[in-house]
Each structure stands twice: as structure tokens, then as C-alpha cells.
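Chains: A, B, C, D, E and F, in written order; residue numbering restarts at 1 for each.
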Amino acid sequence: MNKVVTFGEIMLRLSTERHLRFSQANKFAASYGGGEFNVAVSLANYGVSTEFVTRLPNNEIGACALKEMRKYNVESKNVVYGGDRLGIYFLETGAGTRGSNVVYDRANSSMATIEQGEINWEDVLKDATWFHWSGITPAISESAAQECLRAVKTAHTLGLTVSCDLNYRSKLWKYGKAPKDVMPELLQYSTVILGDLDTAFFMLGMDQVEPDYQDEKSLPKLYDKLFKTCPNLKTVATTLRYSISASHQQIGGVLYDGNHLYTADIKDVTPVVDRVGSGDAFMGGLIYGLINDTIDKQKALNIAVAACCLKHTISGDYNLITLDEIERLLSGDASGKVSR
Amino acid sequence: MNKVVTFGEIMLRLSTERHLRFSQANKFAASYGGGEFNVAVSLANYGVSTEFVTRLPNNEIGACALKEMRKYNVESKNVVYGGDRLGIYFLETGAGTRGSNVVYDRANSSMATIEQGEINWEDVLKDATWFHWSGITPAISESAAQECLRAVKTAHTLGLTVSCDLNYRSKLWKYGKAPKDVMPELLQYSTVILGDLDTAFFMLGMDQVEPDYQDEKSLPKLYDKLFKTCPNLKTVATTLRYSISASHQQIGGVLYDGNHLYTADIKDVTPVVDRVGSGDAFMGGLIYGLINDTIDKQKALNIAVAACCLKHTISGDYNLITLDEIERLLSGDASGKVSR
Amino acid sequence: MNKVVTFGEIMLRLSTERHLRFSQANKFAASYGGGEFNVAVSLANYGVSTEFVTRLPNNEIGACALKEMRKYNVESKNVVYGGDRLGIYFLETGAGTRGSNVVYDRANSSMATIEQGEINWEDVLKDATWFHWSGITPAISESAAQECLRAVKTAHTLGLTVSCDLNYRSKLWKYGKAPKDVMPELLQYSTVILGDLDTAFFMLGMDQVEPDYQDEKSLPKLYDKLFKTCPNLKTVATTLRYSISASHQQIGGVLYDGNHLYTADIKDVTPVVDRVGSGDAFMGGLIYGLINDTIDKQKALNIAVAACCLKHTISGDYNLITLDEIERLLSGDASGKVSR
Amino acid sequence: MNKVVTFGEIMLRLSTERHLRFSQANKFAASYGGGEFNVAVSLANYGVSTEFVTRLPNNEIGACALKEMRKYNVESKNVVYGGDRLGIYFLETGAGTRGSNVVYDRANSSMATIEQGEINWEDVLKDATWFHWSGITPAISESAAQECLRAVKTAHTLGLTVSCDLNYRSKLWKYGKAPKDVMPELLQYSTVILGDLDTAFFMLGMDQVEPDYQDEKSLPKLYDKLFKTCPNLKTVATTLRYSISASHQQIGGVLYDGNHLYTADIKDVTPVVDRVGSGDAFMGGLIYGLINDTIDKQKALNIAVAACCLKHTISGDYNLITLDEIERLLSGDASGKVSR
Amino acid sequence: MNKVVTFGEIMLRLSTERHLRFSQANKFAASYGGGEFNVAVSLANYGVSTEFVTRLPNNEIGACALKEMRKYNVESKNVVYGGDRLGIYFLETGAGTRGSNVVYDRANSSMATIEQGEINWEDVLKDATWFHWSGITPAISESAAQECLRAVKTAHTLGLTVSCDLNYRSKLWKYGKAPKDVMPELLQYSTVILGDLDTAFFMLGMDQVEPDYQDEKSLPKLYDKLFKTCPNLKTVATTLRYSISASHQQIGGVLYDGNHLYTADIKDVTPVVDRVGSGDAFMGGLIYGLINDTIDKQKALNIAVAACCLKHTISGDYNLITLDEIERLLSGDASGKVSR
Amino acid sequence: MNKVVTFGEIMLRLSTERHLRFSQANKFAASYGGGEFNVAVSLANYGVSTEFVTRLPNNEIGACALKEMRKYNVESKNVVYGGDRLGIYFLETGAGTRGSNVVYDRANSSMATIEQGEINWEDVLKDATWFHWSGITPAISESAAQECLRAVKTAHTLGLTVSCDLNYRSKLWKYGKAPKDVMPELLQYSTVILGDLDTAFFMLGMDQVEPDYQDEKSLPKLYDKLFKTCPNLKTVATTLRYSISASHQQIGGVLYDGNHLYTADIKDVTPVVDRVGSGDAFMGGLIYGLINDTIDKQKALNIAVAACCLKHTISGDYNLITLDEIERLLSGDASGKVSR
């Protein structure tokens, strides 16, 4: 049976409700989330055995994050404890012409101050089949980047499939290193990469490109450059997102396996209840599709796109969607009928 | 003066707010509703003298339901008491590509366990002019079906107009009878039927049809079959609903009186605040139109469609809309101007 | 440096949440607002030194309104105290085909019962460069109208730019005077007028017109009539609003300076979180543009339209929008990207 | 069968939650209440046929008040409509050493501007046995005082028992008349008076007294003076209230019938959830006791005190308490056991 | 290492907030609980390996209950699925002289309709050291009683310590059996019993007693009768509860081991935030004390009493208290200092 | 006219509502506070001209804190901007035997990373008469301690009265210095000290004492030692607090001026709505009393104690109490009467 391990930071998310601006709020909805954990929740929802590895502070807020992992059936036995605080992000949810706004307060978090050797990766990964990380972890601190590299190398050595969501965040990468100093080595070991082509090229320190995702001819050539740079790469995928407004998005996807380019139809997503975590929903759907032998690549991409669309209808970071609901959407029923 | 009596079950409705999934909610909005009661509230809003007959448990939750009837000016003097519980339904309101979800918990409710003879229908209906029931009541239990039949027969004998909303619910009908075992006799006495043609044929045990509601030629022929089967039938109407998404619906309507086919223009309904009860709003508008001598059939259908559209903008089961607001919409003002 | 003084009434705003009808609400969101104060908040957000002059009751509710002025950095040192109550308005926010509904309860407010001489306008306006009033103040009571006239005259004498938002409210004007009895004298001193042409002609007692805002040829001629009637007029502007539904509006604008007609493109605004105060947001943007020497008239109009659009995404009366956000929208980014 | 009619003002009550000060609140809990209506709700809860007469504005806020009457089973068929607004009171609930604070905003309400002849008292009272009014109504305006007098006289003529809760409010009586100008005539017709002796003497323009409610000897002599002044008086009662703090009260009562002095033991009331309306709860209990032939005067007083105590545990103006709960408390069970 | 298994029903708990009566509430706080599950949560909080066995419906509400088990770290791997509904209880939290009120709606729940053989008790209990049940399970239905007996017998055979909280609920036991028909056999296998002596005698069908818990002489004699009836009994304990009011309780405890009577001092508990589950908190503390070799019986009783007291300060059914907090209270610090 | 400047950190306060534990909360009430800012709010409420100096991050959360200063009329013109984050503290409000719990997350805040020279103290203090600081600022970081010393020295040089609330927090002082390394120099310049004697001796590195605050003989001798150590000291005061439980406190006070010992009666405070900031309320009352020539020292102490008591009835950090309310309490009216 498959088991997926994801590694990263889980944060306290403090969001205003009903589109209020920060200055109008006298309360914050409190939930938890983070790219790699969100992927784990997706997979747990789909019935995949999943574990999340992170570092939590030894205080009540850290304990809340742990309870959240348990609630959503994500194994937490290899979580390590230390450091002073759980990272926080503040979210103001936009509407129409006003975009959402994120204020990060995650510096010096327990995860950012992780120390080498705290996690025994051989032990953690010994019965796993897939390891997932994202470009956020190497962006938060030098020690997090190093721990990520140790994890990726161990996973590679143990023969796990390694996936990475590039997840470039310009507000991070503040500790003195640029993506191109760190990401190339990390991506060497990756089997699956999710991200825009221009982001991938930027992170790998390659010449910038302006991919035309409608041009199914030129696209494989660009992807091939990635395959050349990343020796273990087997699959690259990209979420296509066209933003009409903060409340109306259009979502599609592209997947390339070195031979064939797969594309998924663009779907309208309106209204947007909460778009944070929709990329992680794509990633979760993609892993679910790729990990199952009975699902072909086109279907895997379709699942990823459907999961991403459905995530937009859900408050909070997680994609609380069942496989049934994904299937219903894929079978053409986007009609929002009341089930009764 | 007209007086309408409706008969059915009123339930406690427990819904998550702001599109939360059940697993995210730590509170439920509590309201009350049920198809036949919702029709009564609509009519009371329009100034029609209205009474609701049901069976309530003798506990505090039943008392809340009774207060709700009073609040909305629906006469409750013939409510009977007994049984153990008020039926409940849980509602998770969808958005966009994610449909709403209803979890019924109404088995063994006070209404489902009603015993024959508890209601003196001659007495209840003696000063009424219209009796309304729906396909939900015969679906919840054998005894409810029998009581419904007694009511319908008495109403017919006393010369009341009898209307039925077919309201097929696949999650009900669990007590051993199928619609075709029960509905044909009940529908014999009905003067007005609201429902899809295929549902009607299915419930009457007739050959299935696939009506094309755009085809104004073939439609009367299909309706004529209903008229043949239901000897007292005078009016059949159907809500036309096209679901673009859970947040965007298109609503129209068709009415046939045995001679003439009336149609109402399709209206866009977006966003959908709450679609539960929108069929009941249509029914309430239709009865209001048909019961008033000064309103012709086309206008009655238009009112029904407008009421149905407006209901989608209101939280909860009831159509808390005034005649003024319906008139404003019918006169072309869907613009949502602020009235000040 | 510029300093803008606005004069009018601030009210307690009691609104139902989540589109609830009044009869469904057991709580009201409490905020504060009023046309001229809303303009002041806009300008304070943009960094303009701003003062609001009004009359407040000497009770705890008045004290809350004062705290609100301070919170949003609007100078309140010339507020006068007296009278019995803060005006109130109740708001039920519509959706789709159901418009919002305002119930005014502002009669006999402290502002409506202002007495002549309570405000020393020479003192208040001595270091200001701009005075703003609206057609609401002369509509609430005779004494408010007279105080408004004293203010306008003083501002004119002191050489301030005087702007007026016509703001016709049919539910006001109940004290025995019609707009044409009062507004012509007041508008004589105005340098900037915001309002529909038909409203302006109506308030000035002129022959009614039916302006075609798409007809850029005939429009200047109509505006020229205004310029003839109002000797100090330099700029007239109109918000163009097309209501698709309560949840979907289209916003544009027109500005005429006696020589040239400027127009701004129509923008889609959907969903509408709260449209109350969107006209005040237009006015605030317009003043900001006109008061800054570095901003040309086309840009000033564009800012006004963008501010008006963005206001629709914010709960409450105020346009809590930064100049950055306006610039981002003007530069074409209506995409609602998450900033992180 | 008995029927009680009460007459007075019902207001919108806007209260902060969880002991927040006004300046901290961004929402108000909205409910409805007023002394005489609260008495009606108490009696309806006890199963007494009850009607409330008032004047409501013809707007949505007035409609909410009407729905509230219906919800609590208080007959509203003789409510008249007119005037501009529903009276409002703002409530900040204290705790411990900080008392609760009420800000009235009830001037110019529909009830205060009632016009003579709007209510046909002969018709209203023809099948009633008891009429209840309070000292609030003659305090709000001259026309309300006059209408109250017409009601009291008619009730007296028709042979009804007339009860009055003196309810002195120093923040009212602002229209030019003092209690002693108005109350003596009104109290002439009263059969039952509830209030402190010093308040009664003050309102009747008699020499002030300082009653010692522990002195069961001197008390009858003071009460006898009242009986001499009010020719129809049969029963006087007083709530005894000792305030330890806003959260801890001690409640007892005294009743005198011209012959015998009845006293009820002092009960501790802590914590106080909401004390507004606790006097009305006493009044409701007293009427219930006196109206029932099977209840003696001592029991009537005990019921009044128990109802008053229990009201302190309930949010809002009304005493939502059943007879069972009163009996349980009277039988000595104040233990707060969970009923399950 | 110790492992405790508890068996019983988990319900959806719907409670009004801020002491509202049912008729005032338009929302319910939704949480989960049930006597035996509450004990499991207590033990999990103390770091004991704990598992809960129950039967859940295969719907979204059942899934919520499952997530709750996971969140609080209670093993759920042997939960079985079937039946139609999760049991519900409605809770209105009292204050002062008004007691809390529970409305049960748990008939026909998945747990009540459990079928024999669904749970493989040998497998479930094979690595456990302690089995806990309560008098609620045999009270809900015949099949639940039988399953409970199978569990108790298996636990006894496998050599587990078996504890029972008598938990008499007069609103249950409706299926045709009285406690004395069922409980004697079940209690035969119990090693630890928690409950009042009179309840124990009643359930065992013995002559009723009126124990005086202050009389440390006569008490052992009464307890000895229990020991004679229950051959495996080693420890009996009783929570002493004196109810001053719904907001003020006094809590103590008694423990008897066949030789020695242990008593714990009475502690004042005020205010009471939520008393539901406080008996389960006592039970959880008792098991924790008895299961640990390093804790003597006096200390075990003290822990049980302290846990019970602290539970009253926590909303919801569970005793979310740490061992540290219990120790702090036992060491005399009830002062409620802010820890900072 | 007097002007008071206070200096310190303002934090975002995130608290659970209704006594919920952190793990139960899915939202946090968001407010702002900090010892020295709380003192400033108290004084502003009393009508004293007050300014708060701090360092805020240049983000939306910092902007919220700034709006809070404005709302409560505390001058903010010398606030400096820089650093990454606003400090946060999480608060779980206890009840009864369960104390409140604070989780600090204030490391690396903008205030903690203040750099020397950012604040021009000569300029800030030039028109002030009083400077207030507390033992928290030197506890958070070395640079904050140094900036505090610069402020204190400048205030002393300019002839301001300097007051200090010792405010020892064991969870702070983590940067390598102990109080005795830093506080002695700071306290040299202080004219007024608020704090326990043992805390004062500890912070000054003197031999520990165990003061008996009931022993009015020995107390002056202990205080005299402080006067010897702190050459500018004129007044020492101590809040006396006896904790019965988290919900019941007893508050008194002692003041010594080098000659005479003043004491204030112990007052019962129950229930406790929120005790955070009650020491700051004492400090605010003390400064108000000492700064006014017309208030003698006994009255100053009484005001401080009354303010402290009243603060316990208010949610949030601030003492939102008027002088009127303090006077009412001092005049013996703790009865919590409704003011109406």
C-alpha cells in the first residue's frame, strides 16, 4: 500500500470573515494550514495513508496544530518539538476587483529554526513510497533548506517518488540565499514537479521563458529543457489560472511526461469562497492520480484540475472534498444540485 | 374569503453558515421548514388566511416549531401533539461547482408516527377553500400516507381545491411502498399538480417520458395524458430550472390548463443565497395567483416564477417576500436598486 | 498643504448580516456612516488632512460616533454637541434580484435640530482649502439647510473650493421645503457638482432632461446649462451606474469642465459586497484627483471610478481603500491575485 | 375564562453582548420589549389569554415587533398603525460593581405620537377581565397619557380589574407634566398597584415617606394611606430588591390587601444574566396569582417573587419561564439540577 | 503499558449559547459527547493510551464524530458503521435558580440499533488492560445492553479491570427492561463502580438505602453490601455533589476499597460554565489514579475530585484539563492567577 | 495643562471567547493592548492629554494598532515605524478554579528590535509633565531596555515626573540580562513606583523580604529601604490582590509617600469578566490622582483601587471607565443599579 510523507510548515491562519478588511475586524477566524500539510489532508481525504513531518513549538498553539493533523487523519508521529512559536499568516479575503491580501508573520517559527539531525529521515521514510516537499521550505530559512535537502536525498536513496510544488513566494527568501542557489540541487532528486515553466526556469537559474500554454507545439520543447536539467524528472505539471476577478477564476492544467502533453479543459470557478490552498489541491489530486496504477495520466490531470476547482468553494486551506465529489464534477455535473 | 390549509411535516433545519462543510462547523444555524409549511408562510406573507396542520412532539423543540408558525402568522390551532421527536435535516450550502448537501434525520418523527384519527379533517377543513399537500408526506411513512389520503378525500368531498407538489425525494420512500403504490389514488383528487412531467408519470406508474419543455407543440399532448389519468385535474405547472452552478440558476415555468399552454421567461438567478424552498415559493405564488379571481393564468405563472427567483436570495426555507417585491420584479426591475 | 472640511450627518448604521431580512435577524451589525463623513474617510485614507463637522448628542452613542471619526483619522475638534439622538438607518442588504432596503430613523436627530450659530464657520474653515457638502443636509431639516447655507457662503467668501454631491433622497425633504426652494442658492457657491444631470435640473427647478450619457455630442450642451445657472461652477461629474442586479453593477463616469468632456470606461462590479457609500467613494476619489496639481482631469475621473468600484467590495459605508489599490486597478490588474 | 389586555409601548432593544461597553461593540443583539408587553408575554406563557395594544409604525421594524407578539402568543389584532418610528433603547449589561446602562431613544415614537380616538377601547376591552397599564405610558407624552386615561376609565366602566405598575423612570416625564399632575387621576381607577411606597406617594403628590419593609407593624399604616387616596384599590404589592452588585441581587416581596400584610422570603439571585424586565416578571406572576380563584394571596406573592428571580436568569426583556419552573423553585428546588 | 477501552454512544450535542432558552436561539453550538467517550478523552489528555468503541452511521454527521475522536487522540479503529443516525441531545444551559435542561433525541440511533456480532470483542480487547462502560448503554436498547454484556464478559475473561459508572438516566430505560433486570449481571464482572449508593442498590434490585455520606462509620457497612453482591468488586466511589444553584456547586468524593474509607474535601465550584460531563471527569480521574501503581487511593480520589471541579469551568462534554492543572489545584492553588 | 507620555509595546491580543480552551476555539477575539498603552487609554478616558510612544511594523496589523490609539484618543504622532511584526499574545480566559493562560508570541517584535536613536526623546517629551514606563520594556530586549533608559534619563533631565509599574513577567527577561542588571539604574530616576515590595527588592538586587501588608507598623520601614535606594522616589504604591478564584478577587491598595502610609479598603470583585490590565487600571487611576493638585493622596489611592476593581468588569486590556463611574463606586454605590 502506498504511503505519502509530506514535509513543511503548518501555520496558524488568522482570517477576517465576510470580506472584512483587517481594520474592520474584531475577531479572526482561526484555522491551520500550509502548502505541504494541505497536500497531506487532500490525500488523507482520498483514503491514502499520509504523514506530515514538521517542527512544532511546545506550547498550546502548537498543540492545536497537532490536534488539527489528527482530526484530518494525517499521521503525526514523527513531528519534532522545539523552537518558540508557530508561524502565522493573516488573510483578508478579497472580492471582485479587490484581491486577497496575506500578511506573513512566520519568521523565527519553530519550523524555520529547525536544527540538523532533529529528524531521522531514514526512520521516517522507511515504509513510505512517496515524498512531497515544496519551494516554501527552502525559502524560509537556511536550516529549513538544509533539512529539506537531507529529506530529499534520503527519499531518493530509499527509492521513493519525490514530488515538488515550486510555490515561489516573493515575500520569503529573505535569509540571504536566492532560489537559484538552493533549488537546483533539491530539484535534481525530484520525480514530479508542479509549477509554471517560468518559475521553474527562474528557480533553476536558467534563461527566462514566456511559455504560451495554448501552444501545444512549442510547450514540449520548453519542458524538455527541464527534463535535461533535472535527471530524475518524470512528470511536470502546471496549473493554468486565468483571473477574471478575485471572485471569478478560470482553471485548467497541463501535464507533460517527457513524451506526451496532456491538457485539461478550462473550468469557470465562480464565486470564489477561498482560493488559498487551491494549488495544493491540484498537487494532492495529481499525486493521487499518479500513485494509483489504475489511473492514467489524462485522468490524473483531470482529477487535479477538478480538485483545484472544488477547493475554491471551501473556506480554509484544506481541500475537504471527497473522491465522489471529484468524480461527479468530472462526469459533467457542475450543476450544484441539492443532494436530497 | 379564501382560506388555505396545508398539511405536512415541519422540521428543524440545521445548516452550516458561510458555505462551511459539516466537518468545519462548530455551530449550526437553527431554523424550521418543510415543503407544505413553506407554502403556508408564502401565502401568509401575501395576506392569505392560512393554516398548517401537522403533528409535533410535546417537547421544547416542538414548541419552537409552534412559535415559528405563530411568528409568520400561520394558524396552528389544529396541530396535534404526540410522538417523540421533531424531524431534522442538516444542510451544507454549496457554492459554484459544489452542490448543497442535505442529510435527513427525520425517521420516526412525530409526523411520521401520526396515528389515524388524530386529526378531525371535517372540522379542520370546514371553512377552508383550498387544501395543499405534497409528495413528501406519503413518502415518510405508511401512516402519514394514510392520513394524507384521508385529508385529500375529505377536502375533495367538502369541495375544496386540492393542490399537490409532487416533490419526489429519492432519500425517502423507505417504508416499503413505492410512489406508484400510493400516489395514483392521492392524485385522483387533486385539482392542481406542480411537478416535472417525468416525475408525474413515474409516480403514477405510467410509461416514462422525456419532455422537451421548449417544444410547445408536443408538451400539451403529454400533459393531456395526465389529465386523463387524474379526473379532477384542472391545472398542471412545472418549474423549469437550469443549473449553471450551485450559485447560478435559471428559472422559468410552464402552466397548462387542459386548453392552453402558458410559459414564463427564463430568469437568471445569481448568486444563490439559499435554494432550499424555492419550489415551495413557486407553489405559493401559483396558489396565490389561482385563488384570486382578478389574476389570470399567465399572471399566476409569472408570479410563481418571480417568487421562486426571489426565494433564492433569502436564507432559510421560507419565501419572505412581499407582493410588492414580486410586482417590482415582474415590472422589470431586477436591478437591485437601494430603496431609500 | 490641502485641508478638506466636510459637513453633514453621521448616523448609526444597523444592518443585517448575510443578506438576512429584517424579520430574520436577532442582531444587527453596528457601524457608522453618512455621505459627507464617508467622503472624509476616503480622503483621510489617501493621506489628505480632513475634518468632519457635525452635531452629536451628548450620550454614549454619540461618543461611539466620535471614536469612529478618530479611528479613521478624521479631525473632529469642531464637532458640536446637543440634541437628543444620533440618527439611525437600518439596512437590509439585498442579493441578485432583491434590492437592498434602507429604513431611515433619522428624524429629530442632533444634526437635524442644529441651531444657528452653534458652529463658528470662519474659525472652522480658516485654514481649509476645500469645503464639501451634499444635498442630504438641506433635506433633513430647515435649520440644517440654513446652517449648510452659512457654511457654503463662508467657504465661498474665504476662497475655498466648494463641492456638492447632489444626493437626492426621496424619503427625506419632509419638512415643508422642496429641493428647488433651497438648492439653487446653495449651488450658486459650488465649484464642483457631482450628480445626475436630471437630478441637478430637478433640484435647480429647471426643465427636466433625459440625458444620454453615451452621446458625447449632446452632453456638453446640457452641462453648459448648469454652468450658466451656477456661476461658480468649474467641474461637473456624474457616476454612471447600470444595475444588472443587486449583486452585479456596471460603473463608469463622466466629467465636464466647461470645455472638455472626459469619460471613463465602464467596469463590471460583481459580486457587490455593499454598495452603500459607493457614490461617496466616487466623490472622495474625485476630490483627491482635483485637489492634486499633479493629477489631470482624466486621471481624476479614473480615480473616482476606480474608488467607486472598489468600494462595492467593502462592508460598511466607508471606502477603506488605499491609493495603491486604486493604482493597481487603474493599471489593469482587476484579477484579484493573492498578494503574498 | 380570563382575558388580560395590556397597553403600552414595545421598543426595539439593542444590547451589547458579553458585558461589552458600547464603544467596544460592532454589533447589537436585537430584541423587543417594554414593561406592559413583557407582562403580556409572562401571562401568555402561563396559558392566560392575553392581548397587547400599542401603536406601531408602518415599516419593517414595526413589522418585526408584530411578529414578536405573534411568536409569543400575545394577541395583536387591536394594534393600531401610524407614526414614524419604533422606540429604541440601547442596553449595556453591567457586571459586578459596574451597573447596566440604558440609553433611551424613544422620543417621537409611534406610541408617543398616538392620537386620540385611534383605539376603540369599548371594543378592545369588551371581552376582557383585566386591564394592565404602567407609569411609563403617561410618562412618554401627553397624548399617550390621555389615551391611557381613556383606557383606564373604559376598563373601570366595563368592570375590569385594573392593575398598574408604577414604573417611575426619571429619564422620561420630559413633556411638561410631572407624575403628580397625571397619575392621581389614573390611579383612582386602579384595583392593583405594584410599586415602592415612596414612589407611590411621590406620584400621588403626597408627603414623602421612607418605608421600612422589615417593619411589619408600621407598613400597613403607610399602605392604608394609599387605600384612602385610591378608592378602588384592593391590592398593593412591592418588590423588595437589595443589590449586592450588578451580578448579585436579593429579591423578596410584600403584598397588602387592606387587611393583611403578606411577605415572601428573600431569595439570592446570582449570577444575574439580565435584570431588565424582572419587575414585569413580578407583575406577571402577581396577576396570574390574583386572577386565579384557586390561588391565595400568599401563593400569588410567592409566584410573583419566584417569577422575578427566574427572570434574572434569562436574556432579553421577557420572562420565558413556565409554571412548572416556578413551582419547582417554590417547592425549594433552586439547585439547578440538570433535567435529563 | 496500560490501555483503556471504553464502549458507549457518542452523540451530537446541540446547545444554546449564553444561557439562551431554546425558543430564543437561532443557532446551536455543535459539539460531540457521551459519558464513555468523555472518559476516554480525559484519559487521552492524561497521556493514557485510550480507545473508544461505538457504532456510527455512515453519513457526514457520523464522520464528524469520528474526526472528533481523532482530534482528541482517542483510537477509533474498532468503530463499526451502520444504522441511520447519530444520537442527538439538545442542551439549554441554566444559571442561578434555573437548572439546565436536556432534551434527548437519541432513540433509534446507530448505537441503539447495534446488532450482535458486529464487534469482535476478543480482538478489540486483546491488548487492553482496562474496560470501561456505563449504565447508559444498557439503558438505550436491548441490543445495546446485550452487546455491553458481551463486552463485559470478554473483558472479564481476558483479565481486564472492568469499571462502570452507574449513570442512571430516568429519561432512558424505555425499551421494556428495568435496571434491575439487566444491571445485576453486568455488575457481577465489574471491578470498579462509580455511583451513589442508593442508585447502586436500586439498579441491583436491593432494598433502598439513604446513605449519609458524612457518617464515616455507617458508610462502610452499606458499601460492604455492594461488595457481597458484586463478587469481583474492588473499589466503589461516589461523587458528592451539593447544588447551591445551577451556577454554584460543591464537589467532594468518597472511595471505599473493602477495607478503608477515603474521603476528599468539599470544594466550591462557582461559576459553573458547564456541568455536563463532570461525572465523567471524576471517572476519568479515578481510572487514571487507579491504573497508576505510583498513585495511592487517597490521591486517586483527590485527582478525581479535582478533575470533576475543573470540568465545570469548561464548555462542552470533555474534561480538557491537563495533569499539571490538576496538580496545581491539588496543591492548593485555586486562585486563578494568570499564567504569564 | 498636564500631558502624560507613556512608552512601551502594544500587542495584538488574541483571546478565546466564553472561557473556551485554545483547542476548542475556531476564532479569536482580536484586540490590542500592552501595559503602558493601557495606562494611556485610562488617562485619555479621564480627560488627560496623553501620548503613547512605540515602534510599529509597516504592515496592516501595525496599522490596526495605530487606529486603536486614535480611537481611544491617545496621541500617536511620535510612533516610529520599522521591524517585522507586531507582538502577539494569546489569552485563554479562565473561570473558577481554572486560571487564565497567556501564551506570549512577542519575540522579535518591532518594539523588541527598536534601534537606538530612532526616537528623539527631547522632542517627544518637551511639552510633557509626566513620563510613564514599566518593567516590561527592559524585559523584552537589550535595545528596548537601552531605549527605555534613554527616555527615563531625558524625562528626568527635563524635570518630568517619572513613574514605573514594576510589572515583573517571568516569561520575559530571556535576552541574557536579569532585572537586577538593568532595573536599578532605571529606577534611580523614578518618582513613582507601583509594585509589590518583594518584586521591588528582587529587581533592585536587594535582600528578599516578605512584606505583611496588614502590618501598618513594619511596612513603612520596608518602604523606607526603597526610598534610600531610589534617590528620586516620592511615592510607592502596591495593589493588594487576594485571589479567591479566577472569578472572584479581592482588591485593595497601599500607598506610602515617605512619611505616611495610606490604605484603601479591600473590595470584592466578582464575577471577573477580564482581569488582564487591571494593574494598569490601578496605575492609570494613581497617576490621575497624583497629577491633579485638587486630589489628596488618600483619594488618589482610592481612585486607583476603584479603577482596578471596575476594570475587572470589562473585556479587553483597557479600563473603559469614566470618572463618574469611579466616583459612583467610591461613594458606596456598588449596587449595579440599572441607570435609566
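Everything below uses one rule, namely that a residue touches a chain if its C-beta (ideal position, glycine included) is under 8 Å from a C-beta of that chain, and two chains touch if they have at least 3 such contacts.
No experiment lies behind these values; they were computed from the predicted model shown.
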State which chains count as neighbours of subunit C and simultaneously of subunit E.
-> A, B, D, F
Where the centre means the average of the CA atoms, what chain is farthest from subunit B?
-> F
For subunit A paired with subunit E, centre-to-centre distance based on mean C-alpha positions, whole Å | 43
Take the average of all CA coordinates in subunit B, do the same for subunit F, and state the distance between these two points in whole angstrom.
-> 63
Subunit D: which residues touch two or more other chains?
-> 18, 23-24, 26, 67, 101, 271-272
Interface with subunit A, subunit C side, in the complex: residues 17-18, 267-273, 309-310, 312-316, 320-321, 325, 329, 333-340
Per the touch rule above, subunit F residues touching subunit C in the complex are 67-68, 70-73
Sort out for me which residues of subunit F touch subunit A in the complex.
-> 14, 22-23, 25-31, 59-61, 63-64, 67, 84-85, 88, 90, 92, 101, 103, 105, 107-108
Complex contacts: residues of subunit A adjacent to subunit C | 18-21, 23-24, 89, 94-102, 104, 169, 171, 243-248, 271-272, 275-276
